[in-house]
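Look at the two complexes coming up: chain A is in both, with chain B in one and chain C in the other.
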Partner chain A sequence: MYDIKALYEATSVADAVSLLVAHPEAKIIAGGSDVLIQIREGRLAGCELVSIYKLDELRGVSLDADGTLRIGPLTSFSHITKDPLIRQIINVLGEAVDMVGGPQVRNIGTIGGNTCNGVTSADSASTLHAWDAVMEVTGPNGVRQLPIKEFYIWAGEVALQPGELLTAILIAKESYEGYVGHYIKYAMRNAMDIATTGCSVNVKLSADKKTIEDARIAYGVAGPVPMRAPSAEAAVKGLPVSQATVEAFGEAVLKDVNPRTSWRASKELRLQLAQELAKRALARSIQLAGGDI
Partner chain B sequence: MVVGKSVARIDAFDKVTGRAMYTDDLADSRAYVAKVVRSTIANGWVKSIDTSAAEKIPGVVKILTCFDAPETRFPTAGHPWSTDPHHQDVADRQLLTARVRYYGDDVAAVIAENEVAAAQAAKAVKVEYEVYPFVLDAQEAMADGAPQLHEEFPNNILAHTKMGFGDVDAAIAEPGLIKFEGWYETPVVQHCHIENHICYAEMQGGKIVVVSSTQIPHIVRRIVGQALDWPWGKVRIIKPYIGGGFGNKQDALYEPLVAWLSLQVGGRLVKLDMSREETFANNRTRHAIRSHITSYVRPDGTFVARILEAFSNQGAYASHGHGIAAKGMSSFAQLYQCEACRGDAYTVFTNISVAGAMRGYGIPQAMFAGESHIEDIARGLNMDSMELRRKNMIPVGYVNDFDKNEMYFDSLNQSIDKGMAAIDYKRKLAEYQNQTGPVRRGVGMAIFWYNTAVWPLSLESSACRMVLNQDGSVQLQLAETEIGQGADTAFAQMTADVLGVPFENIYVVSTQDTDVTPFGTAAYASRQTYAGGFAVKQTGLLLREKILKHARELTRMAEFNLDIIDGNIVRTTDGRVMMSLGDLATEVLYSLSHSEHIVAESTYQIKSNAYSFGCCFAEVEVDIPLCKVTLLDVVNVHDCGSLINPQLAEAQVHGGMSMGIGFGLSEQLLFDPKTGKPLNNNLLDYKMATTMDHPDLKALFIENAEPTSAFGTKSLGEPPACPVAPAIRNAVLQATGVSVNKAPLNPHILFERFKEEGLI
Partner chain C sequence: MQTQLVTCTINGKLTQTVVDTRASLTDMLRNDYRLTSVKKGCEVGECGACNVLIDGECFNSCIYLAVWAEGKTIRTLEDLLGPNGELSDIQQAFIDEAAVQCGFCTPGVIMTAVEILGMGRRFTRDELRKLLSGHLCRCTGYENIVNAVEKTMNKRLDG
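Here is the complex of A and B:
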C-alpha cells in the first residue's frame, strides 16, 4: 500500500504540462521504478503524481531530418537496448542501460526517468554525457533545448522548471558520427546493483586507425552529478594509438575527478577505479573502433 | 523403499501454483495493522513520548508506549526450556522498552486500520531521549569505562567460557617449535530469507491465537506465555508454510508483542508485518566474531599446542547468546588434534542489532578463522596445506568426552579426495603457482566440523502422530517444521518405508498448531531428519504393530507371518496378498464388534548426536587493479550419512553454498560509527550475491550411514554454509599471495590489503 495523495493521468504532452501547472507540488511518474521506492521509503510519502506513462508519443527512437538521433524519454531500458538505431549509432548506450537492476526493472524503467532523477549513478547518464546529449524540455512556455551538462544541477536536481517535462533526448550527428564507445559499470555485484563508479568512453580514430582524433570520457559517481574529464580528453587528442596513450589517459583523469569517502567506498578506492576504468574503457573503445592495441 | 529416492517434494505443486498459504495469505483483510516506533538513538532512555499528533491521524486505533507495557522480562532464544534456572536463557527483553540499547529499539507501537495510517502515525510519534554514549565493537565494549548496556553484565560480558586440555605452557617449552598467530574477523550478516518475519494475533475461545512465520511454534508458545504472564495453554501458535528462516525465525521475534497488542484492542486481529529494513535491523543477525589463534607447530607440521581467543559481538540483547561462540570453540578443540589446547570465548553486548542463530551457529565464523589459519601455517612451513590438514585432523575412532560423539568413518579424507578430483585440484594448484600480471587465478579449500542437534547441552525430543484413514492412507503430524528445506517430504518418505505404505498415500499435515500438533522443538541445529527420524520410526513401528494385530484378527494368520508391503497385508511365508490396508482400515473402523480408529503417537527422546563433516573447494580469478574476485568454480562435499532424498539434499547444499559465497565475498551489515544507525539494511546496499555472481554450484556426497541414526542420516541443513568463505579466501591467497583475514573479501577490503602488499 502506497501513501499517494492523488494521481493525475496525462493524456498528451500538453495535458501533462497543464496538469503540472495546476498541481505545482506534483511529481512526474513514468515507469515508477524510482518514484515508488521513494514513496515507500517515506521521502515522497503523501505526494501527488502526474503520470505520463500513457504518452506513447514519448516512446521510441527515431532520426530527425538533420540526422539527429531522437530518443523518446519513455523508452524503456530493454527497448533502448534492442532498438536498431541505438545499435547502429550508439550501441554503448544500449549496453549501458542493459546493466540497470534486473530484467523486471529494465522492462519498466525509462531512460527519461533515469536522467530526470538527477542521480549521478544512473547507468545512462555517463554515456549521454560522453556523447554530448541535448535535453529537449517542454513546458508552459514551449519547447527548449539544453546540453545535458546544464540539465544536471546537483544530486537529485535537474533543470526542469515548474510545469516542464523532458520530451526528448537528442544526439546530434556531429556528436556520434565516427565515434565508438564502451561503458564499464563497476559495482559490488554483477546484477541488481548501482554503480560504485560508471565510466563511459568513446573515440574517433583517424582513417588509418593509428591516431586518436577525439576521445570523450564521462563518469558516474565521481561527483554529485555525472561529469566529463576534460584534462584526460585533452591529454590524448591527436596522440597515436598506443599503450602509452592509454596510460596517459588514466593519469590525466586524476586532474579531473575528486571523489569523496563514504561508507559506500573510500576516496582512494574510487581514484584507483577511476584510473583503471578509464584505461580499460579507452583501450576497449579503440579496439571497437578498429584500432590495434 | 522410497528413502534414498529423489521423489518430488510433496508441497511442490502447491508452491509453484501459488496455492500454498503463508501467514499473510491467512490474515483476514480487516486486520488492524501494527507498526513499531523505533528509537533514533543507539543507547539511552526514553524520557517522554508525545502521541498527540499521531493519534489525530485518521485510521489510528491506538498507540501504546513503553510506559504502557508491562515490565516483564523474557528470553527469546529458540531453545528448549530448561527447568533448571541455571540453564535458562537470559531474560532481558521487554515487549516495549524505555531503556534503549540499539538504534531501532522498540519504544512504542501504533495500531491502525491500514498500513498507511500506521506508517504516518509511527512517524508522528515524538520521543524525547536521554542520550548515552554507545559502543559498536565487542572488544571496545569490554574495556573499562565503555558504555554499559545491561547492569547485570559488567564490562558488557554476557558470558566468558574457557576450554582446554593438556598443559599448553609445558607443551610449548619443547625446543624447535614454530609459532604462528593471526587475527581473523567475520562480519555481521543477515539471513535474508525471502519472506520477512510476519505474525498476527487475535483472541479466539478465550485463547490468544498467534499465526506466525516461525521455525519453532512450540517454543514460541512458551515464550508468548512467559512474556504475557499467561497460562501457556491459553496461547495457541499456528505455523503455516514459511518463506525460509535460516535461524532468524528460531527466536521469538514479534509474536509476544503482537499478542499483547491484540489484547490491548479487545482481542481484535492485529498484524505485524516486518519490512525488509526491519528484518535486517530488528530481527536477528549472525554474530561478528574476531578470533585470535596461536599455534605451536613442529617443523614437520605436527600441531603441538593451540590457543584461541574469540570475541563475539552479541549486539544489544542476549537472544541465543554465548551458544554461538561456544560451539565455535568446540570445533576448534576437535577439528585438529594437538597435545594441549586452550580457549577463551567472550560474548559481549554492544549497541548494534541483536545477533541470534544463523545457519551454522558459530561454525562459519570458526571455520573462516581456523581454515584460514591452517593455510597460513602451511605457507609458513612451505608445506602442502592438504598434507598439513590430513596430518592433524580429527582421526577415525575419536570419541568426544562430553557428548560421546564418535568419528566412525574417515569422512574428512574421503570428502577431500572427492572434492580434489571434482575440481581437478592438483593440476590447477600447480598451474596457478607463481603467477604475475594483473589478473590471476587460484584454488583453495577448507574442511569443516559440525555437530548435529543439541544433546547433551539441552533437550532433544520429538513427538509424532500417525492416523490411518479408511483407504489405507496415513496422516502424519510432527512438530518438526517444514521451513523450505523439504522436511515434510523427507518425513513422508521415512513413514512410507516404516509402514510399508506407498509414498503417495502419506499425507503430511504441514501446518503446526500447538493445540493439536504433538510436541517437538522444531527446526534448528540441522536436527529435523535426525531427531524427527527417531519419532517417525518409533511411531511408525507402533502403528504397524496395531495394524498387524487387526490383520491377525481379520486373516487369522500369525502376526509374525504378516507384513505390510506396498499398502497390502501380505503373508510373508508365500507372499500372498491377504487384504489391502484400506480394506483392513475400513473393516476395523466400521466394525460392529470392536471399532477402532487406528492411530499411534509417541515421543522419542534422543540421547545421541552425530558429527557431520565435509569440505569446500573454490577456484577464483582475481582482478587485482579492480580489487575484484570472480568465483569460477565451487564444489562442496558432505558426509551427512545416508541421503533421504538426494535431490533435496543437493538443493540444501546449493542454498548453503550460496550463503557461504555471500559471507565470503560481499555481505556485511554496516552501522554508522557516528550514530549507530544501520547503514545498509536493504537488499540493494547489502550485497547478497545474485545469480550473476554464482558459478554452477556442485554438491557431492559421501554416504557413510550414521550408526546412531534411525535412518542413517545426520545434519545437512547448516553444514554447507560453513566451509565456503575460507575456501574462497584460501583461493585468493593462492592467486595473489595475499592473506585476507577479514571477511567479506569485497573490493574495499581487497583494496586495503593489495595496497599494503604493494600489488597496486
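Here is the complex of A and C:
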C-alpha cells in the first residue's frame, strides 16, 4: 500500500490538464518507477497524483508530415529500443535507453518521465540534447514547444508550468538527417545502475566521408543538468576525419564540462571520463557513419 | 478511502475486484487473489521478486498501481502448473540445475524466463545475463539460473 492522498486517473490529455489545474498540489505519475519510489522513501509520501499512465494517445513513435520524428512521452524504454523508426533514424537513442536499470524497469519506465524528472544522469537525456530535441508541452493555454536545453532548468527542475504536461518529444528532420551517433554509459555495474557519466556523440560526415561536417556532443552527470559541449563541437567542425581530430575533441570538452565530486565519483575521475568517453564516442560515431578511423 | 473496481484477466480467468487505489499490483495479487508466488522483496523495483507478466511483458508488480491492471492480461507463476499440478519444463529445469535454493527470488526469475523463452530466439549467454539482470538472488550465485534458462531454451529450439 502506498502513502497516496488521492489518485486522479486522466482519461485524455485535456482531462489531465484540467485535473492538474483542479489539483495544483498533485504530481504527475507516468510509469511510476521514480514517483512511487519517492513515495515509498517518504520524500513524496502523502501526495496527490494525477496518473497519465493509461493515456495510450501518448504512446508510440511516428513521423509528422514535415518529417519531424514524434516520440510519445509515455513510450516505454523497451518500446523505444524496439521501434522501427527509432532504429532507422536515431538508433543511438534506442541503445541508450536499453542501458536504463534492468528489463522490468525498461518496460515500465517512460522516456517522458526520464526527462520530466530533470535528473542529469537520465540515460535518454544526453542523446536527446545531442540531437536538439524539442519538447512539446500541453497546458491550460494550449500547446507550446521549447528546445530541450531550455526545458531543463536545474537538477530535478524542468520548465513545466502549473497545469502543463509533456505531450511529445520532437526531433526535426534537419536535426537527424545524415547524422549517426553513439552513446557510452560509464557506471559501476552492468545493470541496475545509474551513470557515473554518460556521453552521447553524433556526427555528420561529408559525402566522401573524409571531413566532419558537424559533430554534436552532450553529457549526463557533467553538471547539474545534461549539457552540450559547444567548444568541443566547434573545435572539430570542418576538420578531417583523423585521430588528431578525435584528440582535439577530447581536449576541447574540458572547456565546457564542470562535474562535481559525489559519492559516486570524484570530480577528477569525471573529468577524465568526460575526455575519454568523448573521444571514444566520436571515433565510434565516425565509424558508424562510414568514416575510416 | 478511495476505491476502484478493477477488471482484468489473471492466469486465464477474467476477474473483478474492488481495490484501494493506493494498492500496488503485488498487494492485489497477493491479498485479493492469494497468488503468493508474487513475493514482496525490496518493494522499490530493484530485486524482481514481485515480477509478473502483463500483456506478455515483465513488470515489477510492486511499482505498478493495482488500478493500472484494468483491462490487462496478467500471468503469475501459478499459471505454469499443468492441470494435475505438473511442473512446466522451465520449473523442472530450475530443480534439475539446482537453480533454486531458498526459492524467494525464483517465481520472479521464472516469469522473466517465460518471457525470454516465449521470444523463440536463441540467445547467447551474455544476452541471457542481460535479460535476467533485473533479478537479485542471494543464494545461487546466478550461474545455475542462467544454466537452467539456457538449457530450456536449447531444448525447446532443438525440439
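Just so we're on the same page, the second predicted complex is superposed on the first by the 293 of 293 C-alpha atoms of A that agree within 3 Å, B and C clash if a C-alpha of one lies under 4 Å from a C-alpha of the other, contacts with A are read in each partner's own complex, and residues count from 1 in each chain.
One rule holds for everything that comes next: contacts are C-beta pairs under 8 Å (C-beta built on N, C-alpha and C of every residue); 3 or more make two chains touch, one makes a residue touch a chain.
Computed from a predicted model, the values in this text were never measured in an experiment.
Once the two complexes are laid over each other on the shared chain, residue contacts for A:Glu268 go to chain B alone; chain C is not touched.
In the overlay built on the shared chain, the residue A:Val143 is in contact with neither chain B nor chain C.
When the two structures are aligned on the shared chain, A:Ala14 is found in touch with neither chain B nor chain C. By the touch criterion stated above, A:Pro103 is placed in contact with chain C alone, chain B being left untouched. In the superposed model, A:Ala191 makes contact with both chain B and chain C.
Shared-chain residue A:Asp3: touches chain B and chain C both.
Residue overlap on chain A between its contacts with chain B in one complex and with chain C in the other: 1-3, 102, 190-192. The part of chain C that touches chain A in the complex is made up of residues 2, 20-24, 27, 43-46, 48, 51, 57-60, 63-65, 67-68, 70, 112, 130-135.
Per the touch definition, chain A reaches chain C in the complex via residues 1-4, 6-7, 9, 29, 32-33, 36-37, 40-41, 51, 53-54, 78, 101-105, 107-108, 190-192.
Looking at the complex, you find that chain B touches chain A at residues 114-116, 119-120, 123, 625-627, 666, 670, 672, 679-680, 683-685, 687-693, 746-748, 751, 755, 760.
Against chain B, in their complex, chain A makes its touches with residues 1-3, 42, 45-46, 102, 186, 188-194, 196, 263-266, 268-269, 272-273, 276.
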